Amino acid sequence: MEKSKRFQKGMEVIRKYEDKSENPAYSITFESLMDLDPELENYIVEFAFGDIYSREGLSHEKKTLITISSLVTQGLEPQLRLHINTGLTIGITPKEIVDAIIHLLPYAGFPRVLNALNVAKAVFVEREVNVKEE
Amino acid sequence: MEKSKRFQKGMEVIRKYEDKSENPAYSITFESLMDLDPELENYIVEFAFGDIYSREGLSHEKKTLITISSLVTQGLEPQLRLHINTGLTIGITPKEIVDAIIHLLPYAGFPRVLNALNVAKAVFVEREVNVKEE
Amino acid sequence: MEKSKRFQKGMEVIRKYEDKSENPAYSITFESLMDLDPELENYIVEFAFGDIYSREGLSHEKKTLITISSLVTQGLEPQLRLHINTGLTIGITPKEIVDAIIHLLPYAGFPRVLNALNVAKAVFVEREVNVKEE
Amino acid sequence: MEKSKRFQKGMEVIRKYEDKSENPAYSITFESLMDLDPELENYIVEFAFGDIYSREGLSHEKKTLITISSLVTQGLEPQLRLHINTGLTIGITPKEIVDAIIHLLPYAGFPRVLNALNVAKAVFVEREVNVKEE
Amino acid sequence: MEKSKRFQKGMEVIRKYEDKSENPAYSITFESLMDLDPELENYIVEFAFGDIYSREGLSHEKKTLITISSLVTQGLEPQLRLHINTGLTIGITPKEIVDAIIHLLPYAGFPRVLNALNVAKAVFVEREVNVKEE
Amino acid sequence: MEKSKRFQKGMEVIRKYEDKSENPAYSITFESLMDLDPELENYIVEFAFGDIYSREGLSHEKKTLITISSLVTQGLEPQLRLHINTGLTIGITPKEIVDAIIHLLPYAGFPRVLNALNVAKAVFVEREVNVKEE
């Protein structure tokens, strides 16, 4: 079946966030779930990316920081891993990611922040990037 | 008693965020609670503002968007009201605030986002600012 | 501008849930927010109703009970009020709504359940329906 | 119908926590909901109070502090109001209640703690007790 | 010690939900915890199952969908695994479980829903059932 | 760089909670994260321990029970593991920890409580302590 314009728009956004080389970030979290429902991929690509992520008005950097903030607050570690990865891909520095997570100490509490930094550190090690080298 | 350097640093940040004219945003939420504990004001001013908000590395705009994102996610309406107010004071446009809240639709769900937009709208009405006019 | 097919599909679902007489449930929560963003109404009507609520596979009754369960768990009272209203409109009995909320005692805890029953009771009083009379 | 032993045990606990004079704390939150379901009162009195609150092993003071901590963390203000009230009735001092809420700053974040202190302050004003006078 | 009527009633419900063959769903989550407290098993069997799950008024299917909805919303994966298992045992189809989880996209957000579908998929693989075959 | 008085005060509290022998509880959760940000350790030691944990007014036992209660409610298992460990070190009995967690059944729901008891049991096994022997 031909894909909708919203789907194509969503895939364009996803490709911007996707690391072409070794980190197939997009596929990690949800590709294996697509056979559970024929519409599921459409909801994600069309709504989350085609409608929401492709809105103008906020830079991709700000969108990712806002997303990360919500995920830290909810303790959603698999998604946090994905969005820290895509954040690095679109050019957010490791230091900015750490700064954003630490900024949440007064709002989400120390445990959520420390658990999120744990996820960030694992991503940094995997991608061989370093906060200090900047 | 003389206030610490961290307290002074915290107060500097707070003043930047504070609307000098008619919106005493800082005082709204917590001033009336200070007589419950002699250290409470210090924790807020020294830690939340002196330590965290005065960190370098993220612009005030990004810090506020990150804060708003966590508050929307938790449904913390009194604080959301405060930080939407302070966000406007430091120069975030109403449209950016609306964009940031709407960006959370896939992460925090429709009800949290709609309730937060309700708070934003009330602040905009109060301050007589308008999303559309931009 | 002409509305999309998904919008039309969404509006059909909304009309089923809407009380034609005295309870304009649909409008209560979000109509006043639509001027904040030109796309907001589309996201709600197209995605939440056109895509998700119009899916086949679950009866409207089950969809509403599932929705109510998530709202009780999150303590989202304005939306709970809306969906208890629409639930009554599509034919769920007050007793089933009470039974569904009480079923969450072991999962969401007593406070969330009691606060939700408070909302349910207010809706029942407003609509002059009665759990006992059934 | 005759009430069960667990119900009687639960009512004994409730009476200990209940202010005999002007603060009918027990009735505030849930008495008006009892006509929604014939078993609801039993679940509360028998399970929450007859089974759980009447367990030996923790003092009533510790039980109340543990309860308050969970309610602060969830932002459950109506129940917080009830349990701060009952805490005062069984002899916890206003200062201990404030200390317990402030202790949650690193775990539940500043907004939840400040909102809870707001509730505590309202209860103290109502009961004309004072943190400072101790 | 002889077990109470509520315990017996609870065990009857549990047996209905229990897969007799290879999936000892009841025991998975909590059997190993029972030696921590002599009353713990009673609380679960008597209250959660004897009082709540054995209530009349909602079908077992609806009770399970309501339970699953609350667990998805809280991200409680070990319990989700249990209740998806017991749901299949009492006759809910894999497709209905997927439909119920997907229905929560607008209320619990995409990450909670995708993580829950991940759990559902693992249960389906283990039980060798298939959404598509229906 | 010389450490602040608040840091020293914080380290004194941490040492009280730290098991000198085989359970390096303090280091488990966050030591490996300290190289992500030069101030992170200060925030934890100075604010969480130097400011909050070293407050007078509540016994260490009560502070730990309040902390555990918040962590159970949020399902924060890595931190729960840490604070159950430190609780045992400062002299809270395994039975009191179990009693505190079970007390949360009506407030945080069965799943959160059972998952927390699972963590408690793992800690007890590791430290070879036993609830029943008391």
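Quick notes on this structure:
Each chain carries a letter (A, B, C, D, E and F) given by its place in the written order, and its residues are counted from 1.
We take it that a residue touches a chain if its C-beta (ideal position, glycine included) is under 8 Å from a C-beta of that chain, and two chains touch if they have at least 3 such contacts.
Fair warning: this is a prediction, and the values are worked out from it, not measured in the lab.
Between the contact lists of subunit D and subunit E, the overlap consists of A, B, C, F. In the contact between subunit A and subunit E, the residue numbers used by both copies make up under half of all numbers at that interface. Ranking all chains by how far their C-alpha centres lie from the centre of subunit B, first place goes to E. Chain copies subunit B and subunit D are related through a rotation whose angle, from the C-alpha fit, is 120° to the nearest 5. Rounded to whole angstrom units, the spacing between the C-alpha centres of subunit B and subunit E is 41. Subunit B and subunit C have Cα centroids lying 31 Å from one another.
Centroids built from CA atoms put subunit B at 24 Å from subunit A. Within subunit E, residues 39, 43, 47-48, 52, 55, 71, 74-75, 99, 102, 105-108, 110-111 each touch two or more of the remaining chains. Those residues of subunit C that touch subunit E in the complex are listed here as 47-48, 52-53, 55, 57-58, 62-63, 65-67, 69-74, 95-96, 99-100, 102-108.
By the touch criterion stated above, subunit C contacts subunit D in their complex at residues 75, 98-99, 102, 105, 110-112, 114-115, 117-118, 120-121, 131-132.
Of all the residues in subunit B, the ones that touch subunit E in their complex are 106-111.
Interface of subunit A with subunit E (complex): residues 29-30, 32-33, 35-37, 39-40, 43-44, 48, 71, 74-76, 78-79. Only residues 39, 43, 47, 51-52, 55 of subunit C touch subunit A when the two sit together in their complex.
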